[in-house]
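What follows is a pair of complexes built around chain A, which joins chain B in one and chain C in the other.
Our next item is the complex of A and B:
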């Protein structure tokens, strides 16, 4: 499918940013410039991890004005399904890899009079590209960055240099936390809000904004959900006439792909809606993990997002 | 009265609703002419605290009625008057500069005034989807000539002449939110001698 066509790249550099985070640089294998992108865009990286092919989305953090390489920063997640561990352990300079074309599900709204950016931990990465873009446009911005400690706060020196007093840091080890109500109450009319970080931070920000009467059109967030590890189960693919086992560390989408079925996807993080699949029949419990389906849709049990969601029960039949 | 001629004939054609008070940290109400009716209904259905943190900007407009006294009597914390919607824009811009996110904005008046008010909010970075609007009065349109880009105010006929370049234009429902105007396209480009009859339409 053309939407899933990839770019052949070479890993041009791997940099240890701190004890948890590594930065990976990619150049096009054919030496050409990479496609243009806008701040907030992500790429899906394909990883050939032994028997398993993983595809995981990462935000582009490098400048949208420089397409000689793409850069992503990846935090090692020792409890995850293994994508970040593979990147940290196996990926070295000079390796050939495949990445998707960039897509942006977290774009800036450039009609805003002011941009209020809120980052938690590794959620800083899209904002590195966005602040670069906004700085070149001389746009009004403030970045509020919550991390555990100065040591684990990736890119603090760079952000200090580019943003100065427009950067506000909060170190949870020092009991510093963002006061969302106070922060959101003092923003001028015309402010757009962007938040990327762990779920509790996104929830707190959205709850505060909504209760203070911020219009939905001014609220932007990005959180790539993950398919959590879980008990293996079997799905029946009605259109393909196949029965596929989903392993403990595998997503449904990965299992469908491994069976040779070409299924649509874009973000692989439960955010874009591209992989939405009809549930034809089930006896058990659909374990929805995405941000795409509305709560009532999840309750009706007629659709599922196979990139992140799972199933527990006797039988699940998908229209695929 | 709500206009019965509004329907989503074109995706960008603005649709207007009914003003209704919502919970917010502050309220900004901007009304032109017969929009005073919507303001009265809005205040009548609001809680007592609504007026304590509310601003009303009222432009009398070109109609015969002048609701200025009635609007002042409603008891808004801040009250400003202007002769026309255009003349009220500096007041509106000053309020948009002063107010904070969490302010609910309510706009009412004729089609042309609503175009101006929504555009002023957009220029201040406020998305149209977060604004409440209610239409009262004339359907006369602001029209942009797509050829010379000139804006003609108070367009009531179909077709209509561009006040700037003189071309006879088909007034479309295609609307530009950035410019705050309906788009007018030359109706007789092939044969300027073919002049269709004008009808009062808006």
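Our next item is the complex of A and C:
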């Protein structure tokens, strides 16, 4: 279906940024320009990994105004389902791949008088594109970047050059940590807050902002859940009349797609709500991993987000 | 999409005073007739904005240009002379204005290369609009190189109204637009409102959950999947500018419809609404393009004549009142009845 239409690209460069992170460059296969995008946007990369087709979202980090190539940085996750391992091990310059059109679930609010950006680790990537955009608009911004060590702090020289004293770094190996209450207390009215990083960092930032009375409309976060690996299980798709096995390192959504059933999606990270699916019947436990459904919805067991959630039990029937 | 269509001869006509607007026979047949069955109720009737099988239709190109182009642009300029607030853009929407300019220039030059051309050299762009006699060099992103802001500049050269919606907090906000061909609503009144606020006056649809579903659909519109829907109302005389600001000019005309003049004085006003995700601003562009068909135009297509009769006759009274049809609905139903043979109509909206 055309909502999921993709762009044929060639991997034009693969760069080892540090011991954990590689950067991938994509150009359009037909030599045309890629679509422009907005800072914070992601693309979904399709990977033909043996028998399995993976689709994984990654934030675009290159300048939104540069349409000659797209860049994403991927941190190797040895515990994950294998998307980052595939990218690190198999993807080389010259390979043909398919990516989605860019979509933005973490956009800047351009009404902000000031943009306060908080990044943890690989969560720096959307901010690379956003700081480029904000610099062009001569917007007031400050970036606070927490990372384990200078060696693992990707793009520190580039950020130093583009932001200067507006960049603040925190190295946890050196026992440096962001003091959220202090940082958020001294922001002027009209500041918007953006945070992207590991869950504890997002939680700490949101807790601090909310307890200090920040307006909800000024708080923005990118909370991509990962679909964890887990025990295989079977789902029945009522509308399609199919029974589908979900493998250990496969998401429900990927298994549904592999069975030839078209399903809507956007973020594939449990955040946007597009793939929400009705649970018609189940005997077992729904393992919700998303940030979309409210807690009471999860408890009621009538809906599930197949991009990240799993199931344990005897029988699960979905309306799909 | 993306064929290379030639434009028809532009008609010299007016949408005010002597109302010399007319449709050619071709123009009637290519109109996006909004009724796909014999009755009407709100629905989230959205579909992908792409070509249909029909050879010559308003859906052929992403931004349709037709024989009324120059007359409509002249009418827009007159409206703006009298009331500059028909164009507005809040300060954070300038990027969305450039996105809109790029989208319209790119599609128009691809759809109608004999009439429009766009040459880009980095940020130095050259735009030619032959029908309007415009030849403009400018720097993309630098508003001082254009005679108007980017949004006003390009929408003075494009048929239909253009509303630009900012996306924030899971909602859409009407933060910019060019609105001169509207069915009784006002950008100046709605500017800054969100999706639920500006739809508040619509009857029945809230209860049916239509707006929740419509908003969810719209938020999912991405660069790869522009969408469209049709809406409609009726207008006495082919007047594009039926604005609340000018109600004193057109409101009284609602009582001027008689059995003798209804065929040529009363128009079905079709809105082809489309939805586009803008790349750099992440805003949503909402063009609303107006097509007029007189009752006589409609009666020239037998299926449409019969269907129009049935739709008007069975329309729920709340809807008829909201659309402002009470003064002339019965007169139109009576006239159309001679074009309804009572036989079943074929599925779909296209002519047989």
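In the analysis below, the second predicted complex is superposed on the first by the 320 of 320 C-alpha atoms of A that agree within 3 Å, B and C clash if a C-alpha of one lies under 4 Å from a C-alpha of the other, contacts with A are read in each partner's own complex, and residues count from 1 in each chain.
Just so we're on the same page, a residue touches a chain if its C-beta (ideal position, glycine included) is under 8 Å from a C-beta of that chain, and two chains touch if they have at least 3 such contacts.
None of these values were measured; they are calculated from a predicted model.
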Q) Should the superposition on chain A be reported as showing a clash between chain B and chain C, or a fit? A) clash
Q) Counting only touches as set out at the top, which of chain B and chain C does A:191 meet: first, second, both, neither? A) first
Q | First, second, both or neither for A:73, with chain B first and chain C second | A | neither
Q: Have a look and say if chain B or chain C is in touch with more residues of chain A.
A: C
(Q) Between chain B and chain C, whom does A:41 touch in the aligned arrangement: first, second, both, or neither? (A) second
(Q) Touch test for A:213: chain B only (first), chain C only (second), both, or neither? (A) first
Q.
Output check: A:111 vs chain B and chain C. Expected answer is one of first, second, both, neither. What do you get?
A. both
Q) Intersection of chain A residues contacting chain B with those contacting chain C? A) 109, 111, 216-217
Q | chain A-touching residues of chain B, taken from the complex the two chains share | A | 22-25, 96-97, 99-104, 122, 124-127, 129-130
Q | Complex contact set, residues of chain C against chain A | A | 48, 50, 91-93, 95, 99, 166-169, 216, 220, 222-225, 277, 279-282
Q: Mind listing the chain A positions that touch chain C in their complex?
A: 2-6, 35-38, 40-41, 64-65, 100-104, 107, 109-111, 133, 137, 216-217, 264, 266, 273-274
Q: Please give the residue numbers of chain A that touch chain B in the complex, ascending.
A: 109, 111-114, 184-192, 212-218
